[in-house]
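Take a look at the structures listed below.
Presented sequentially are two complexes of subunit A, the first with subunit B as partner and the second with subunit C.
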Partner chain A sequence: MALEMRLPVARKPLSESLGREAKKHLVVPGDTITTDTGFMRGHGTYMGEEKLIASVAGSVERVNKLICVKALKTRYNGEVGDIVVGRITERRRSAEDELAMRGFLQEGDLISAEVQAVFSDGAVSLHTRSLKYGKLGQGVLVQVSPSLVKRQKTHFHDLPCGASLILGNNGFIWIYPTSEHKDEDAGGFTANLEPVSLADREVISRLRNCIVSLVTQRIMLYDTSILYCYEASLPHQIKDILKPEIMEEIVIETRQRLLEQEG
Partner chain B sequence: MASVALSEAEKVYIVHGVQEDLRVDGRGCEDYRCVEVETDVVSNTSGSARVKLGHTDILVGVKAEMGTPKLERPNEGYLEFFVDCSANATPEFEGRGGDDLGTEIANTLYRIFNNKSSVDLKSLCISPREHCWVLYVDVLLLECGGNLFDAISIAVKAALFNTRIPRVRVLEDEEGSKDIELSDDPYDCIRLSVENVPCIVTLCKTGKRMGKVLHTSLQSVLQKEESLGPKRQKVGFLG
Partner chain C sequence: MAGLELLSDQGYRVDGRRAGELRKIQARMGVFAQADGSAYIEQGNTKALAVVYGPHEIRGSRARALPDRALVNCQYSSATFSTGERKRRPHGDRKSCEMGLQLRQTFEAAILTQLHPRSQIDIYVQVLQADGGTYAACVNAATLAVLDAGIPMRDFVCACSAGFVDGTALADLSHVEEAAGGPQLALALLPASGQIALLEMDARLHEDHLEHVLEAAAQAAQGVHTLLDRVVRQHVREASILLGD
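Now for the complex of A and B:
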């Protein structure tokens, strides 16, 4: 039952540790981005007094003539077609609702769903009209900032290491053991409560710690980055991944592999 | 403390995991998260410490002031504890939400130090029945990430270790009136021996197994496991 204590160390700035060459142009709301009027304005900017001004805190991205500001931390803004993972907090109390839904979904349950429509005040309506959506069974939920989840064609991934992921666009990531019987359990509303094997648990815990490490170093989350991080973490014990120095080491290796793969 | 809603399947997963000694973040039932300790952080106190345990951040300041000894203990000084659960720590502490928890923690600290062995209170006495040192220990919760009792006990121990009490002499006149003289050297001070100050270890019974209630960096997962265990035993032990 040893307790590890350490003295605090000054943290190095991210750009130094990750070897980024170009420094990002960071802005805060109200900062002038440029006085050149030839640019088209994108998200996170507005035109005022002949200048382009930022309306969110983040880094400036420029694609040819389009300038936008990518915010560091955002609240989730729903778009039609997004996959989300959500927890039921409250429900309608009508008689027919009681009869119909109580048997399937309780308060506190986790579901995966797709965004059907977005209202003007930002509220979204969801649907689970496909067998791949529905109530989630045993697994682990990790909550991250929505801005770190990369938009991809599919958000349901079965990783080769033995677990599956649902990367919700709202920042809720669900890690669960890959079920062998794909046809029966998929999308149903009955959860499987049998104990999960120790090997599967280890994979799930390791993935969870890897995702947390990637988030602390602000790496975008998608199946490849998570998988590379998982592979880089294999030499270490699962609980050691939580230590800051090992976290940094794993993420640097992941970043290098990702850069090699792209370039 | 606040509870988090969990689905039945998640609860089952967590309980089975605890039984197999593998928690959600890969730790065993008896593993702690990494602790970061720093002393001498607040300049206008006699001693201070800051402890970070996962997402829990505790700041403790100790101020030594002169006071009168308690009637039943004329040869000893004493400690006063005050715990502030500010709304900065977690939204549940908004308004008066944190007061109950603060009182509970303060009472626990009083119980721990209410014996002869924790801190040598006789060394805090200046002149019996008249003057003694009173140590006001203020605990501030900067961030609540679970396992408060353990982190607070570590922080209080570190802050007391860091406390520097000025050395004073009592001079007696011919008429019998006493004068207290502070030594000229600002670094001339007495330190407390904190070897016997207890550290709290919180245990939790989840399912059929006893484990530590020290949880992972995500507060929600922490609260998930705490909400599962109906009983929480606090055992203070010395050393």
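Now for the complex of A and C:
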């Protein structure tokens, strides 16, 4: 059996090789953001003794009169209209609920849904508005920090390489094989249990490794960035993508392509 | 140990430091990808690791949920290889439970728990090598871990221990100095406002000396704040550069 081993190596942080300087106003908890009382306080700040003080470590964002501090990592805060992917952990145990839901959604099922309403204590209520949402069948789930999922018009993507993605706003990403029939999307209440071909499985594994490498280098996740990363990774073997040097190489190429596309 | 001078005539301690001098501190944030927040700190030879999960739904009995704020749950454990003699029980013994309780009191004062009602925040701290000042190292590591998790806090919580020998207050005690049996004080401070989150001492000290020792501990805690502040700013700057926008 072939074993691969590596010894610890001192590596420079990637931010140095990018050669950029941080442009934003960075704060840590306890820092005074401003003493001007005309501002409204948003997330990540609190009022103390006539001063606006930061409560998380991150960058200050100002929109007109609203000041908030965006932390590097946050837990997911639901907003109406977000797409989320999640696993059913508990169900209401009432008789009508049992009759209506038996056979459709069980505990332990993975589903995609949309946020319908948000309660004052942060709890969200979800609904599966159309057959586009619902139970998810065969595929791979990747859990990332919610702050890395970019907000877009749609979170359901069919990539040209042969797989499809659901980018949940809560940081759960679902990769599944694109079904041939257009009306049989992931969702509904029956899972498609037909065997998935090896080529499709390889595409899905490669996408999963690409997403993991993008996350370690803190690149925002959306369909274009994932696709560019996939294309940059094609010369390498799927299992090599997770090696640190190859990961850096692929991500640098992805970053460059994204910059070219913007500018 | 008979004959061991904790403070020499020239004012040097056993490890060559001055009375109010801190040990070398090195810290890193985000050492565990699986946890919501994590940090590692080395204060001299004392090494501590802190991991934070949360805020999340209350595990176990729903009845424990507080309707207006979050529950902070701390667990302290020290590795069996952390002390000179191998420890039999890493956690669950009296000292660990008490430390856990003290950590909880400290962080309930600093974390803005009203922003996350009916949730739970878990802080797990483990001491990998104990060379004095374990409470302080745990608090400092836990502060960095809570910041790494993005949980809103009033301010940093910086802690330091202090003692009193030969009429002089010593800051940041090592194991040798703690074992010598003199009075020791542990102080956790919110640096910006100077408010005390926790002050603990279980020894006998004349009240005239209390102010000196407290002053030494407070100054040392401010020194710790300067260092931790630098570490956090560096971490945020790097992440901000990588995010690029």
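One rule holds for everything that comes next: the second predicted complex is superposed on the first by the 221 of 263 C-alpha atoms of A that agree within 3 Å, B and C clash if a C-alpha of one lies under 4 Å from a C-alpha of the other, contacts with A are read in each partner's own complex, and residues count from 1 in each chain.
The rule we apply is simple: a residue touches a chain if its C-beta (ideal position, glycine included) is under 8 Å from a C-beta of that chain, and two chains touch if they have at least 3 such contacts.
These numbers were taken from a predicted model, which means no experiment stands behind them.
In the superposition on chain A, A:195 makes contact with subunit B only, while subunit C stays out of contact range.
When the two structures are aligned on the shared chain, A:136 is found in touch with subunit B, with no touch to subunit C. By the document's definition of touching, neither partner reaches A:155: not subunit B, not subunit C. Of the two partner chains, subunit B is the only one that A:7 touches; subunit C does not reach it.
In the complex of the two chains, the subunit A residues touching subunit C come out as 13-15, 18, 20-22, 24, 26, 28-31, 44, 46, 48, 53, 55-59, 71-75, 121-122, 216-220, 255. Interface residues of subunit B facing subunit A in the complex, by the touch rule stated above, are 5-10, 12-13, 16-17, 20, 22-28, 30-38, 52, 216-218, 220-221.
Taken together, the subunit C residues at the contact with subunit A in this complex read 33, 36-37, 54-56, 112, 116-119, 147-156, 190-193, 229, 232-233, 235-244. The residues of subunit A lying in touch with subunit B in their complex are 1, 3-8, 87, 89, 106-110, 135-143, 191-193, 195-196, 198, 201-202, 205-206, 208-209, 212, 237-239, 241-244.
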